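For reference, the structure is listed below as structure tokens.
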Amino acid sequence: MKYTYYPGCSVKATANLYQESIDAISPILGLELEELEDWNCCGATAYMSVKELMSFAISARNLALAEPFHRDVVTPCSACYLVLNKTNQYFTEYPDLRKKLGQALEAGGLSYSGNIRVRHILDVLFNDVGPEKISSLVKKRLDGLRVAPYYGCQIVRPEMGFDDPDDPQSMDRLIESLGATSVEYPLKTKCCGASLMGTEEDLALRLCCELLTGAESAGAHCIVTLCPLCQMNLDVYQSKVNRLCRMKHNIPVLYITQLIGIALGLPSKDLGLDKLAVKLTKPVKEILQGA
Amino acid sequence: MKLKVGIYWGAACGGCDVAILDTHEKLLDIAAKMDIYLWPIALDFKYDDVKKMEDGYLDAAIYSGAIRNSENEEIAILLRKKSKVMIALGACAHLGGIPGLANFYTRDEMLKRIYIDSESTINEEGVIPLESWNVKEGELDLPRFYNTVKTLDQVVDVEYYIPGCPPVPLQIYSALSLIWDDMLPPVGSVIGAGDKALCESCPRVKEEKTISEFKRIQQVLPDPEKCFLEQGLVCLGAATRSGCGARCIKSGVPCRGCYGPLDDVPDLGIKMLSAIASVLEPKEEKEIDDVLDTIVDPLRTFHRFSMPASILRRKKE
Amino acid sequence: MEFEPKLVGFLCNWCSYTGADLAGTARISYAPNLRAIRVMCSGRIDPTFIIKALYEGADGVLIAGCHPGDCHYQEGNYKALRRYKLLKRILPEYGVEPERVHLEWVAASEGEKFAKVVNEFTDKIKKLGPLNMKQSIFDSMKEDIVVHESAGEEKGGEADEA
Amino acid sequence: MKRIEIDPITRLEGHGKITIFLNDEGDVENAFLQIPELRGFEKFVEGLPIEEVSRVVPRICGV
Amino acid sequence: MPERVGVYICHCGSNIAGKIDIEKLAGFAEKLDNVALVRDYKFMCSDPGQNLIQSDLEAGLIDRVVVASCSPLMHENTFRKVCERSGVNPYLFTMTNIREQCSWVHIDEASSTEKAMDLLAASVRRAVYLEPLEKREVAINPRTLVIGGGIAGIQAALDLAEAGKEVVLVEREPSIGGHMAKFDKTFPTLDCAACILTPRMVQIGQHANIHLMSYAEVEEINGYVGNFNIKVRQKARYVDADLCNGCGMCWEKCPGTRVPRKGNVHEKLSLGPTSSIYMPFMQAIPAIPVIDRESCLYFQKGKCRICEQVCERNAINYDMEDSFEEFEVGNIIIATGFQPFDPSVIKRYGYGTLPNVLTSVEFEIMNCASGSTGGKILKADGTEPKSIGIVHCVGSRDKHYHEYCSRVCCMYALKFAHLIKEKTDAEVYNFYIDLRCFGKGYEEFYDRLLGEDVRFIRGKVGEISRWVAEEDEKDQLIVRVEDTLVGAVRRIPLDMVVLCTALEKQDGLDRVAKMCSVSVGKDGFIIEKHPKLGPVSTATDGVFIVGVAQSPKDIPDTVAQASAASSAVLSMITREKIEIEAATAEIIEEKCSGCRICNNLCPYLAINFDEEKKVSIINEALCKGCGTCVAACPSNAITAKHFNDKQIFAEIEGLLSAR
């Protein structure tokens, strides 16, 4: 299964552990992620809310670059997925926007007709690879590990497309396919504050605190997510959250791809586990070692 | 005593005359009952012979072909004077027929296209036919090419019409037999045809009609059983008099209305327009337009054979 | 003398005819060029009537029905709309400007609108000028007449009843 | 100049008229065959949908 | 002998004469063909005016009448009656509107007079082609069909039966009573629903004039006003109604169950016995059980048959088949009631995924003393709730689901709040957008609730989840709602939530509507004849609509509509016959080719196809005379009486070529 891979800026920098885990598990799961040549930043939701047309234009450029390959564009990051997917949909639905973007692309010698699909890596893992295949490849079953599935709020809007936006289940199934238990986590699509961490830190910290408290009260050993920004806010800023909310949270926050990597028996340094701010706790380690 | 009959053709193709011949052995009955005093395609009588007759000499005159030029009209008027009963034979005399399609153009447009612009003609001086022309020996004349095609009943009073293009030979025979059996219906009626629309005798199954798209015959492989109209193929059968035995439909193509309208229908084409428009599927204006876009050349299709007999008769100049 | 167009209107009994009456009771004045024929529903209007009116000398024909959804017989106006759309497409092939036939939805309460519609339609046809279809058919057949030797009366020239 | 007209010429498809001019000796001075017939298929077949042409042009000659 | 037309020109005081030159018009009329005489008078509609016409008619001077005066919508009937009085068919008369559409609306006298002349010429030519028409009358069968045995159907049936008229009441469920039978109390009086409903149900069961068919569905309806023939499918109950005396042995001993065996309190909610052979509720009418095939061990696995063994009256019969009954009725009353909106589509409210989230109907059943909880309000685990939330407008006033307001939810929500306060000491929250307490005594009931310290939060609930923060919230539901009066998003933990779901069109209403040839609106309810002036009748004569079949409404309005419909039916019945529109369309069989273009053009389904004769036929009683099929018929085989082609062609010629 071959895809045009749109990495996005985060996995090239702060979220390189996400990229490492993807690179590690892809060959085993039979995924060929060919990086899109000369891709540009999608501007994420921040730029979309400031200059919508410009944001549409720069992400349309990515789509135009990807179209000749006639393959699905896959991205690991929820923000990139939201922006690219929204651009693709609005491009087909709104003729006057299509005209403006057409002119913008022409200036760059490009054109786009709107017949390729934008997909998140979770969609590929769940629908193309599938939980059965993954569980057949599992070497170390993660029995006893209680995981809080955190989807974040950007993957579900404006159109999740491959799962129920109010009550997504695809990651829960993937977690269960590894032998772990996916706890009932009502905050699975609540917002972590994302880029607000830079502008309204206290608000974002309080949001993350609720997410961490919710996971803990659901008895989860760790949180698994699929968005670089959510992971960073919950993992890197966990100490700041504890200080502000006078909590003693110590919950590791992994990427789903890392969890899969562990279950596939890959060495932890290939999965970037060493780069986690909140190190794996004793109970988690025991389960991982013991399995 | 044998009936004295004259058969003539105006702007015609001779198909109606051949149809008379196609009555095969029945031709002998016709010959037994009738003496033919004029039949250009088959017998060598001249106009002078007819002019010499006294008025009403002929029992019936059978005129096929439309009124396209002055000669067609003159002979029609002549035959009217010379015969008790005037019968219009075939779609041209009855409705204007295929030649009637010329009513979408003017005389000059026609002559220019035929004699000057036509690709295979070399005519630098732009010579077009004239009504009279002098040669050394004397003056020659030709009939005048009319601006508008007329039907027979628009130039003379016509007692009976035998419709069709061509009329079904058997129907011609049965119509003629009405004369010698002296069972002619009231003057002005159409004989040798049914008094219901073609659908009555059409072999195809008819159900409720809702049309969301029209197609052209070559774009589709129509279901052999189902009514053409229901499959989005324009068929004038519903507004056309029966009598032809649905020969076009039986050979897989929709009806084009050559047997003409039913009794109280003054305009076949506009009536069919009303019928087809009523059963379109969409209600929104935009969607209606989309469906109507799929009808090709509506007016000339609806008036394939009956333009001169329609209410407006021709395109306004 | 300025050209005064002759207009024929087909008004549906429940909405547009009642609307026209309302314009009367409200004494709203409008151009006198339109003569109305009452039908029970705009669905009753056969395009043959419109062609007949144009032939008999109308310079313009107005079709008025209930607004979609208001039809007293629920769907008559939809059929009127479909026939009107197809008829407008073939008028140019008759050499008749399609603007000469116009369809308008007029509710029973829209007396004001009825007056406005008649005025606007009258002005539009005034600009277009006379149609006189019957005369133009007769003119185009003028030279096509053969003078009878005997009575000399011109038979076949004038366009008799179809 | 004497003139003989054969009008119409018969037993063929279509209309025609022959005019013969005899000189005083009774010999043929000149003769003309005139075809009065014209319906205009060349013009009115223009713009017809192609599938209809095959149903219109057979009416050029039905013999 | 050609028709002789009498022309009568009215001055209408100065209304017409003030603008139109009457003399010139009369002079013009005299010269028109077929005009035998022309008269003019100050007020044609006055008695002397009418007598002018009557005397000419009785003297046989004329046989067609043209009155040039006001609009036909004004005095057409007046002059038709004059013709009738003079022994002449009223349809041989026509009017020329030279007032509302001529003298009142044009300024210049000359052009007004010219227009009047053209209009008059058109009328005269039309008059020549007028043909006599008979007003057809149809007998009204006094029996009435009522579809639906809820409070609407019960009220209508009783009104008619009490008036001595025969009623056939068809109810789809095993017992009549509809949704009202599932309520404990009714607002605003807090009457016990059973107390006010059961006596009427018993009356229905015993009334000699009412033929009750429960557990039955209408299969087919044909015919027209006064003469509908109905076919009803009586579904097999597998219990013989004549033998069974409702002793109850069968459902006590029946091992099968219609509710999940290991279900919690809410899953096991039921009014009557939960066994496979059951009665919907104890006061069911008819009091006869029915076997639910899905859960019956005999029908599913072929064993058991215990009910047959215990039944002393051997009324059980497993081989019963659906049976059919046919009868004639004159009128139909559609009282099919409503179906509650299924809230599971609103995932954020968690109905079906989270425990302790109930719909209003489920909560009503829980409150019934004869219900499975004995009227006690309990959580799913059987314990008493400490706090209950009631969410208004679930599926109503919401563009995604139903835009309309269901009218009853606010009031029953208040009733719920009262019941909770009365039966438990739980906190009660009502989440509302607007409190619509519009009826008699409704506002007072709301004030009373304010006194019982019910907490009203004005805001649409955003989410119901299990996003607990503290330990004690563990098995609670967290409601997040924006309190618009306070201007903050509030987070309220609750033990239980009741969703006030919208009232939707009853399942199958569109099929019933199609059978009665009435149409449904975009929200699925049947379209009434006129929203203000004809709420219970429909465009089809003889078909009436009552209760939620027309639109959501509460019990008082439903009962009022039921009595309105039955009085309308009674007036039809007492008239014994009804005049059918005379100017209908007619298909001339000799001309109809069976092309069937007209078949689906008729909104009243008046045109059907005769397979043997291969022609279409118009049912004159159903035809309203709109003429849509006439204009479409390619053979002109359909004539529109009083508006046929000849008459309209004559008017066109009159308008354009008379002068």
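A, B, C, D and E are the chain letters, set down in written order, and residue numbers restart from 1 in every chain.
Throughout what follows, contacts are C-beta pairs under 8 Å (C-beta built on N, C-alpha and C of every residue); 3 or more make two chains touch, one makes a residue touch a chain.
For clarity, every value in this text was computed on a predicted model and none was experimentally measured.
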| item | value |
| --- | --- |
| Target chain E, source chain C, minimum contact steps | 1 |
| Comparison of A-E and B-C (more C-beta pairs in contact) | B-C |
| Chain ID, smallest distance between chain and overall C-alpha centroids | E |
| Distance-maximising chain from chain A - centres being C-alpha averages | D |
| Inter-chain centre distance, chain A versus chain E - centres from mean C-alpha coordinates, in Å | 54 |
| Between chain D and chain E, centroid-to-centroid distance (C-alpha), Å | 74 |
| CA centroid of chain A to CA centroid of chain C, Å | 67 |
| Rounded Å distance, chain B centre to chain D centre (Cα mean) | 20 |
| Sequence positions of chain D contacting 2 or more other chains | none |
| Set of chain C residues in contact with two or more other chains | 46-48, 52, 79, 83 |
| Chain pairs in mutual contact under the definition given at the outset | A-E, B-C, B-D, B-E, C-E |
| Chain B partner contacts - residues on chain C that touch it in the complex | 46-48, 51-52, 54-55, 68, 78-79, 81-83, 85-87, 89-90, 93-96, 131, 133, 136-137, 139-141, 143-144, 146, 148, 150, 155-156, 159-160, 162 |
| Residues of chain C defined as touching chain E within the complex | 4, 6, 8, 13, 17-18, 20-21, 23-25, 27-32, 35-41, 43-49, 52-53, 56-58, 72-76, 79, 83, 115 |
| Chain D - residues contacting chain B, complex | 1, 3, 6-8, 10-15, 19, 21, 29-30, 32, 34, 36-40, 42-44, 46-52, 55-56, 58-63 |
| Partner chain C, residues of chain E touching it in the complex | 71-74, 97, 99-102, 104-108, 111-112, 114-115, 118-119, 122, 519, 539, 583, 601, 603-604, 624-628, 630-632, 640, 643, 645, 648-649, 651-653, 655-657 |
| Chain B residues touching chain C - in the complex, by the definition given at the top | 67, 70, 73-74, 77, 81, 104, 106, 144, 146-148, 150, 154-156, 266-267, 270-271, 273-274, 276-278, 280, 283, 285, 288-289, 292, 295, 298-300, 302, 309-317 |
